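Let me begin by presenting the structure, written as structure tokens, before commenting on it.
Chains here go by letter, A, B, C and D, matching the order in which they are written, and residues are numbered from 1 within each.
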Amino acid sequence: MHFIMMKLFRVVKRGYYISYAILDNSTIIRLDEDPIKALMRYSENKEVLGDRVTGIDYQSLLKSFQINDIRITKPIDPPEVWGSGISYEMARERYSEENVAKILGKTIYEKVYDAVRPEIFFKATPNRCVGHGEAIAVRSDSEWTLPEPELAVVLDSNGKILGYTIMDDVSARDLEAENPLYLPQSKIYAGCCAFGPVIVTSDEIKNPYSLDITLKIVREGRVFFEGSVNTNKMRRKIEEQIQYLIRDNPIPDGTILTTGTAIVPGRDKGLKDEDIVEITISNIGTLITPVKKRRKIT
Amino acid sequence: MHFIMMKLFRVVKRGYYISYAILDNSTIIRLDEDPIKALMRYSENKEVLGDRVTGIDYQSLLKSFQINDIRITKPIDPPEVWGSGISYEMARERYSEENVAKILGKTIYEKVYDAVRPEIFFKATPNRCVGHGEAIAVRSDSEWTLPEPELAVVLDSNGKILGYTIMDDVSARDLEAENPLYLPQSKIYAGCCAFGPVIVTSDEIKNPYSLDITLKIVREGRVFFEGSVNTNKMRRKIEEQIQYLIRDNPIPDGTILTTGTAIVPGRDKGLKDEDIVEITISNIGTLITPVKKRRKIT
Amino acid sequence: MHFIMMKLFRVVKRGYYISYAILDNSTIIRLDEDPIKALMRYSENKEVLGDRVTGIDYQSLLKSFQINDIRITKPIDPPEVWGSGISYEMARERYSEENVAKILGKTIYEKVYDAVRPEIFFKATPNRCVGHGEAIAVRSDSEWTLPEPELAVVLDSNGKILGYTIMDDVSARDLEAENPLYLPQSKIYAGCCAFGPVIVTSDEIKNPYSLDITLKIVREGRVFFEGSVNTNKMRRKIEEQIQYLIRDNPIPDGTILTTGTAIVPGRDKGLKDEDIVEITISNIGTLITPVKKRRKIT
Amino acid sequence: MHFIMMKLFRVVKRGYYISYAILDNSTIIRLDEDPIKALMRYSENKEVLGDRVTGIDYQSLLKSFQINDIRITKPIDPPEVWGSGISYEMARERYSEENVAKILGKTIYEKVYDAVRPEIFFKATPNRCVGHGEAIAVRSDSEWTLPEPELAVVLDSNGKILGYTIMDDVSARDLEAENPLYLPQSKIYAGCCAFGPVIVTSDEIKNPYSLDITLKIVREGRVFFEGSVNTNKMRRKIEEQIQYLIRDNPIPDGTILTTGTAIVPGRDKGLKDEDIVEITISNIGTLITPVKKRRKIT
């Protein structure tokens, strides 16, 4: 079948993982192969192997997360997830708060902001990621954890973009603020990363620099925080981030790179147990995840 | 067979990976199972499954790296490698150089030094690691890359120590010095990590805090740098590092944690193509790796 | 999904094997799992895991065998195929020809006919079987090879019937006629066995003893032989055959037992290269296979 | 290692299958690879991959079958086992008993004896075979089951001989005698086939037509039957049998063909529960198996 693939999603049903592609928001194709292979095949020659299926109520799955024995999950198992930071235009003062680490008078954020080299970090292994409807986590030792709503790209081993998705680069901001050397602890732990609900191919994202990203935190049924940004504010272009990611650093097919955030809820907006995080990006969709605060083991 | 296992090593022969355990520095056992499973079985009940073999000239393999079609390699494929930093007593001035990032007057290193929470970072995936006799790498964009000679522990998924090894946490110090946000780029790339030549079990390391670590860099046949430290200078105890590593962060069996360094060759001692790095730790052995400078792709 | 599964078929597409179930001869379900597992699940609790698909033109596939890159193939890979013989009522003279082996005056066929114990034989491994549209073979050293059109049952490891299919137990009758000790050579070789095009479940076969079996051999576009029989002529009941098959002889899930033939084209009707064999069984369908005469290697 | 491989055996230890080769009846090599691959590599270039081991008391294993947690087992898992019959010179009367099936006056055995084409039959799948020290079976419905002590060859997919072993082609002679159409039931069932204790390579068997085969049946501690023959009485040469086996019939690497027997204990020598069968072939060894009579399930 040759067509314009739009969205790729995956469900789990009685232990079987099954992948689908959606065409024109109406036709659903059940993929013959692993979704990373399907993205690569599509990227290569605009071809998809699979069957047209009926009876998959995608919209209801997005809303309910689970229908009977079918539960939506991460669209792929990315062998590696990497992140980037300080990639958006931001008010200078944002990056220059008093208590941030400084090098010869400039904060480390300002320094990256002005530098040629971007910030690139290892974000997650696949088992630390969750999908649409699955719970992200707040570390047991963090009092201030924020969602970071971001546009993410799925890459092949050459750094070619196979697709786009929504990623929540959940971060324990208090750890990070205490010391930049705590960044890995802030960034990498069980439930630190959500992405989905779908991966869309480049056909859908004609211009990745004109997408609206919106973040909502819902607490006890009410919108507790809302913010948005357009990717036209991204200064550190995606291709540039990718070039640094793969420099001397081979990545496997299906690696995800998340491209940084510009929406930062404040000090008083840290996630709490049972909050709901909703991230919307135009042309992709809305990623919804509940929040689970881990308990301290003493 | 019940006995005191001393050292575990692995070779590759015509595409087959074969693991051995050495007893009393003389008897060699060929393991029936994957070396991570063997370490777990041994840790559980001091038992090893395997055959006594003859004709394996371990000492010659250590020296020549390859004999006929047998080449020594990484003793295990650790699913994840993590690192720790600022774990040794060091002269205060070391951590407080002028150009290091500071937070309210203190360098970030001093802050970790004084803090309860250690620095823990994601160091490598197995494909980025090399073994004894295999080449570590200097990034194409680094002019100052240093070896970091460290005692490392192999852990099970509960954080229990299954064994000890020598690790070289190779780091692009110029990237790291430029900005702590570049730490992941400094730390994670192809060839960033060497370990081996063996893993020794806890029987061999009665006290991990009384081991001599020596680093030699050999250039054009001469010792270009030499330094040593004893692990009795480790302030941040290994158990403490492990507790932070596994807090809210499940790790797989066979994960390696490297425990930090206190030997830091200076600015003028950066690794060059064709250097040889030798790291010796008492009761474990000597890990030798050549250095390969990556070429810029322009 | 709970429903009456009717027919199960399988295709191969660019190296992927994909299994389908057809409901009410109209709805097509793409199975989530291996077709043997699907048959077992259905047999257990009338349940099928899969998606409704559209665009699979099953009738055209049956006719053309291949549409674009989709080719119909064996519905399952049976780990073992067993056969039974002398299971139908037949004119006594059929079994008592002059040149047939005799024991104390009775032919061996007559003896089986009258005996309690049925004839059961090992027929094929999966790689020796072909599916609908794929070529059956005539041995290079046989001048008289006949198709044997039979009703076959798919069994689980307890001998429970999971489904029914059409089987062609192709046999080199001249080898067999020469000496019963040559039966395995007559019965087992590459291309000795065809089955399909589908497996139907027991719901479809209310009474396996009232099915019409028809055999046509088409040569150069014309019907060269035609014969038929009804399974109501089967004397040796299927359950009886199964009981002897599994006596002291454990079989794996998905084993096929073919239940014997009563249509025997004569001496002058041996298969030739490029003949077409068509076997029809009511409630199952028509299995069509071309014939390929193997060349002698001298 | 390049040397003359003599014998290949395999043990099972805590669920691990481990293969060994014995050199000059003294040096034991633990094989790096699957024993079928090892036989093929050796056959190709007289090379074996493995380590010399000590502490394997092969002679005691042969005698005790199990030492601590190590049990000797089948030397390989042959994907298919085939047999041949009527391959030895025998007194004509042997083949012409009154009650044997006859074709136009000659028994079917006499006919094969005189014919160009040998008898070739499917004997067993790997799960129906046992090794040294493991129990062969008497069918629950057989009153007269005999061992058939035979020289067997291990073949690659081209029919090339990779090695030799001892095989017991256990047969329910009463079923076979009743009707040749019952041969598969006589020949194929759980525990119908034993082979081992080792596979020897062709170096050890300079001339396969000068080997003594001896059969002993031990009942209640005494030799109940003993008989022997030399393979110089084999009329139907092994190569001839192989040529018919592989004619139009592709076999997988590691297939075993057993070459027929000439030792036939009489009517009153049928195997009973708890008998011990010992088969010795010069240059190979002695295969010992207890007998287990299956119980009727009613």
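Here is the rule we use: a residue touches a chain if its C-beta (ideal position, glycine included) is under 8 Å from a C-beta of that chain, and two chains touch if they have at least 3 such contacts.
All values derive from a computational prediction rather than experimental measurement.
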Q.
Counting contact pairs by residue number and requiring over half to coincide, which of A-B, B-D or C-D is equivalent to A-C?
A. B-D
Q: Quick one: report the Å distance separating chain A from chain D, using the average Cα coordinate of each chain.
A: 62
Q. Between chain B and chain D, what is the gap in Å from one C-alpha centre to the other?
A. 53
Q) Between chain A and chain B, what is the gap in Å from one C-alpha centre to the other? A) 32
Q. Hey, how would you classify the chain contact layout here, line, ring, star, complete or other?
A. ring
Q. Along chain D, where are the residues that touch chain B in the complex?
A. 13-14, 16, 18, 30, 32-33, 49, 51-56
Q: Spell out the part of chain C that touches chain D in their complex, as residue ranges.
A: 80, 85-86, 98-104, 108-109, 111-112, 115, 117, 119-122, 125, 127-128, 137, 139-141, 175, 178-185, 188-190, 244, 247-250, 294
